[in-house]
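Consider the two complexes below, in which subunit A is the common component and subunit B and subunit C are the respective partners.
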Partner chain A sequence: MTDRSDHSRATWRQSLQGWLWVAPALLFLVIFVYGPALTNIRFSLFSFSAMSLDWDFVGLNNYLRLWSDPKFTTALTNNAVYAVISVTCQVGIALVLAAVLEARIFPDFSANLFRTALFLPSILPVVVVGLVWQLLLTPTTGLIDQILWETGLASWSRAWLGEPDTAIFAVIFVSQWQWTGYIMALFMVAIRAVPRDLYEAMEIDGASGVQQFWHITVPGVRETILIVTIITILGSLKVFDIVWVMTAGGPNHSSEVLGTMMYRAAFRDDMIGYSSTIATVIFFIALTIGLVQIKLQKDR
Partner chain B sequence: MKHLLAVTALATGILASLPGLAQDKTVVSFLHKFPEPENMAYFDAAVAEFEAANPTIDIVMEAVADEPYKDKIRVLMASDQVPDIYFSWSGEFGRKFAREGRTLDLTEALKGPEWQGRFAAASLEPFQFEGKQFGIPVNVDSKYMIYNKAIFEKHGLSVPTTFAEFIALNDALLAAGEVPIAYGNQAPWAATHYIGDLFAKMVPDEVRQADYQLLAPADQLYTHPGYVEALALYKSFGDKGYFNSGANAISHQQARGAFIAGRSAMVYLELVEFYMLADTPVAEQGWGFFPLPPMEGAAGRNDLLTGAPDGFLISAKTEHPEEALAFLNFLTSPEQAAKYVSTTGMTSAVIGSVTEETTTPETLAGLKALEDAAGMALWLDTDMDTASANVILAAGQGLLSGDETPEAVMEKVRAAAKETLAQR
Partner chain C sequence: MAYMQIKGIAKRYGTYEAVRGIDIDIAEREFVVIVGPSGCGKSTLLRMIAGLETISRGDLVIDGQRMNDVRPADRGIAMVFQSYALYPHKTVEQNMGFALKVAKTPKDEAARKIARAAEILQLGPLLKRLPKELSGGQRQRVAIGRAIVRNPKVFLFDEPLSNLDASLRLQMRIELAQLHRELQATMVYVTHDQIEAMTLADKIVVLRDGLVEQIGAPLEIYRRPANTFVAGFIGSPKMNLLKARVTATVAGQARVDAAGLVCDVAVDHLPVIGAEVTLGIRPEHLAAGPGAPVQVQASERLGGVTYAYARLPDGQSLTVQLDGEHDFAADGGLTVQPQPGRAHLFSGDSGLRL
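Here is the complex of A and B:
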């Protein structure tokens, strides 16, 4: 009995110590993450503007309004397209690039040059990237348009950021240009952790590079693939800066994403409650993705 | 060690006494949206001069750029941390503050002798709400079509005096292979300057005012056919090619650059942008300006100029109203206003401050045209209620890209206006 009591006391003490160690971080999370998230959900049940200190309780009306708002459908679709293209490029293409650069196909100098060139855009601030690409994509005087004209592809020339059909795709393209190299660098680190013996064994068995990629590289970096996929999807869901800088959600809301819609509702339209509703929806979508990630990791 | 302790004690003593020193002064917070170097040069000097003359007042100034200002002031309002003095556009943007009781009523204060004759009535009126003065104008601005004299002369064209002549001018330029108007509508406020001017010309003034301020009955809001006609006219400018291609993908600054470089015959600029044309290629070729010409037989007013004053408001909750007012009195004194004009290249709402000595002949002529106008059609996006203005802002792009029709736009405006009216 005494032994059990001592053991229990020791466990409790250990547990307390553990709690004390994580307390500052936990407190930080509660104050700056969970608290605001819960407050935001409460805000979403009210209608109020930034100018006024009066709040009207509207229940779920903001959610009903959001559901029937055509801009919400556009934003959600754009976020989904953003995610699909980002996963394809930043996971699929980045993995292939990493595998090629790690396969010693190119001489060291060329491989380093490619790696640096591909990684470089990711160290630039998003605002700078957005503004530079905005200039490059300018109709008539922009470099892209000039190249199209000079190479006899004038019929392809268009106002990439100014037409509803192309604006969001132009923004997504720039985002891929910036981040594919970064994800590629992550994959290169993961590939280096795969034992070289496996590649050598397959080479002796006469396996081609593609076979090595599918049977060693992909299974060897599957944890990284999962994490990178989740990060990319979450990033696509939360995207705001590059869209705001390049198109501000225009023309005519065609490149609106949930982030810009939320920002616009709060800081342009003075509808803080409605903006909180959009934020809550983003929060729950992100939460669902996070839970899926935890489930997938547990299943392994 | 002893030395270290002594130094630490001394430093602590000095630091402890600093708040005491600061507390002797009345701190007046001042937030504006003119962070550009030439503007800050003026405001820094003005604050220093005022503080030197009033040693008991400490003006704590903060400046953020145009777009971030719209965010910052809303955050400050929502968190009830309103600066003592803050900037506001005129029209609905300012009326929102007044409507919610966030501004000090300045009606009585401005009856003081030192304020008499300082501002034109047209500058004061946009800062009034329900008969009360809630703001003080600081500068005035208006919109003009700027033209390249060399291009006009090359094709034997002259300044239009009617809207029909303006249309013919655009057709002639187009036929001559020129880009008639450089237009950057990436930030869609640019469209509202055209649309606002056309609304003023094509919709009876009393109807337009009642609509903008949501004073008309809900079922009559924005029903005048002039609105649809104005939007159709704006759309036709894009469809006919009067604007450069890809206007929705070009910023206003890029469009201005294209005009300066001689790639277009005209550009629609604000009076406060005139100084930017000095020492540029277009200055060598020569440039002139004219307001969008009167429209024959239109239902609205042809004697208005699109433009507005900007101004400063005092927080309703300020603890130092007298000091805040004293600073604004100083800032808008004729001497300071003259310095403001000569240092910044901007205009001023203070009568007599814009002279040959303080500004360029073009800016002076632009201001003269503004004074000669019967009044101002305020910037549309700051004059309408926010929800309706947002529809027009997006429509300015949608009409050009062919995704919107004038009828559908006005249907959306009516819905937005009705909803806002129901919430008031």
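Here is the complex of A and C:
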């Protein structure tokens, strides 16, 4: 009996010690993450401005208003397109690039040069990238347009950031240019962890480079593929900076994303409740994606 | 099955030459074991045969065809890796059948080949399992099965038993010998373990620093090592190599004295009287009895035999294998005598057999 109570006391002490160790981090999370997230949900049920003392409780009206806002549909669609293209480029193309650079096809010097060149954009500040590409994409005087003119493709020339049909795609393109090399570097690390023997066994079995990619590289880095895919989707959902710098959601809200819509509602239109509603929607979409990731990882 | 000729093969990495011109003839159905210490170039040589490393110099010929520039899959070889290199996301069946799938072998023929290999290696119940669900020995069998289904001209083994524990290694050694008898295949096997070399090989190739030290049948190498390196490498415990002086010579025989251990040794090349030589004598070829006095430093009693680690009066170390029943003080004196006709003599300068 005494033994058992001693044992339970020791367990309790161990458990308390564990909680004390995580307490600082937990406290930080509660104050700066979970607390604001929950407060944000409460804000979304009110209509108020940042300066006003009167808060009108409007229930789910902000959500109904958002649902019927055509800008919301555009923003959500743009985020989805952003995510699809980002996953294709940053996961698909980055993985292929990493596999090619790790396959020892190129001499070491060339491979290092490619790797550095592809990685370099990711260390530049987003604002700088946005402004530089704005200049490059400027109609008539921009480098892109000039190249099109010089190569006889003048009919393709357009105001890339000024036309509703192309604005969001131009922004997405710049984002891929910036981040594909970074994801490629992550994949290169993952591919290096795949035992070399497996590729050699495949070579002896007669597998081509493409077969080695599908049968060894892809299954070997699937954990990284899953994590990178989730990170990329979440990044696409939360995107704000590059869009704001390059188009600010224009022209005519055609390149609006949830991030810019939320920012505009809060800091331009002073509708904090409505902005919180958008933030809450982003939060729940992100939460769902996170849960899917956890489920998928557990299944493996 | 095929014969193979390795003609003056070398491998250079920048200025360093890992393999420095090796010649080996491998007959059909022969089991050749390449043995040597770490870094001697044995794995590099095997990888050049497999086509996983380019050949810097020399020719590799399999069944009369020069293979230097032929891709690995077309050389007619199959390789079993030290790490097994099983595809982790494929089942045993898929692992064994992958090469057949790549070669677009008809499904029923592939299934037949897999079934046959599975039967030989008793893998039938494991076909649907993933490598991570198998023990080390089972994984090794799958790796061998993957080689068998390809019906190669030559099997290559790169230290395949190194990752197994001692008892499993013994079992797999016996199974490999049986497999060789059953398949009647040409096999090239790389190991640093001289016991594997002695028990499996038809022919042993001893390598050191990228060069061949000796090629021969296991017992031939054991009985007539070409130099002090081979003498010390083959045999367990290793041969005693003692500094000695030639005291007399008659036709084909030299008498040597190693700090009181006097021995008559048959030689092909007579040394001059007074010459400094190396006397090689295996622990199992020394017996307790009237002869040279030695001081025992330590002993290991294994039951059947006892190893006495002793020193000659001049301080040279000597290992003596005694009968397990032999009684002596663990740190006392002992007198030993060499068994007649079992000692070896090597040049004191070059280390070559005299």
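In the analysis below, the second predicted complex is superposed on the first by the 299 of 300 C-alpha atoms of A that agree within 3 Å, B and C clash if a C-alpha of one lies under 4 Å from a C-alpha of the other, contacts with A are read in each partner's own complex, and residues count from 1 in each chain.
To be clear about the criterion, contacts are C-beta pairs under 8 Å (C-beta built on N, C-alpha and C of every residue); 3 or more make two chains touch, one makes a residue touch a chain.
Predicted, not measured: the structure shown is a model, and the values here were computed from it.
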item	value
Joint occupancy of subunit A by subunit B and subunit C, clash or fit	fit
Which of subunit B and subunit C A:P219 touches, first, second, both or neither	second
Which of subunit B and subunit C A:A201 touches, first, second, both or neither	second
Which of subunit B and subunit C A:R158 touches, first, second, both or neither	first
Contacts of A:L20 with subunit B and subunit C, given as first, second, both or neither	neither
Contacts of A:V210 with subunit B and subunit C, given as first, second, both or neither	neither
Subunit A as apex of subunit B and subunit C, Cα-centre angle in degrees (nearest 10)	150
Subunit B or subunit C, by number of subunit A residues touched	B
After superposition on chain A, the shortest CA separation from subunit B to subunit C (Å)	51
Overlap of subunit C and subunit B interfaces on subunit A (superposed complexes)	none
Subunit A residues touching subunit B - in the complex, by the definition given at the top	47, 49-53, 134, 137-141, 158-164, 247-248, 250-254, 266-270, 272
Contacting residues of subunit B [partner subunit A, same complex]	70-71, 74-75, 77-78, 80, 96-97, 99-100, 102, 185-188, 244-251, 254, 258, 386-387, 390, 394-395, 397-398, 400-401, 403-404, 423
Residues of subunit A touching subunit C in the complex	195, 197-198, 200-207, 211, 215-216, 219-220
Residue ranges of subunit C touching subunit A (in the complex, touch as defined)	50-52, 71-74, 77-79, 81, 83, 85-90, 98-99, 102-103, 146, 150
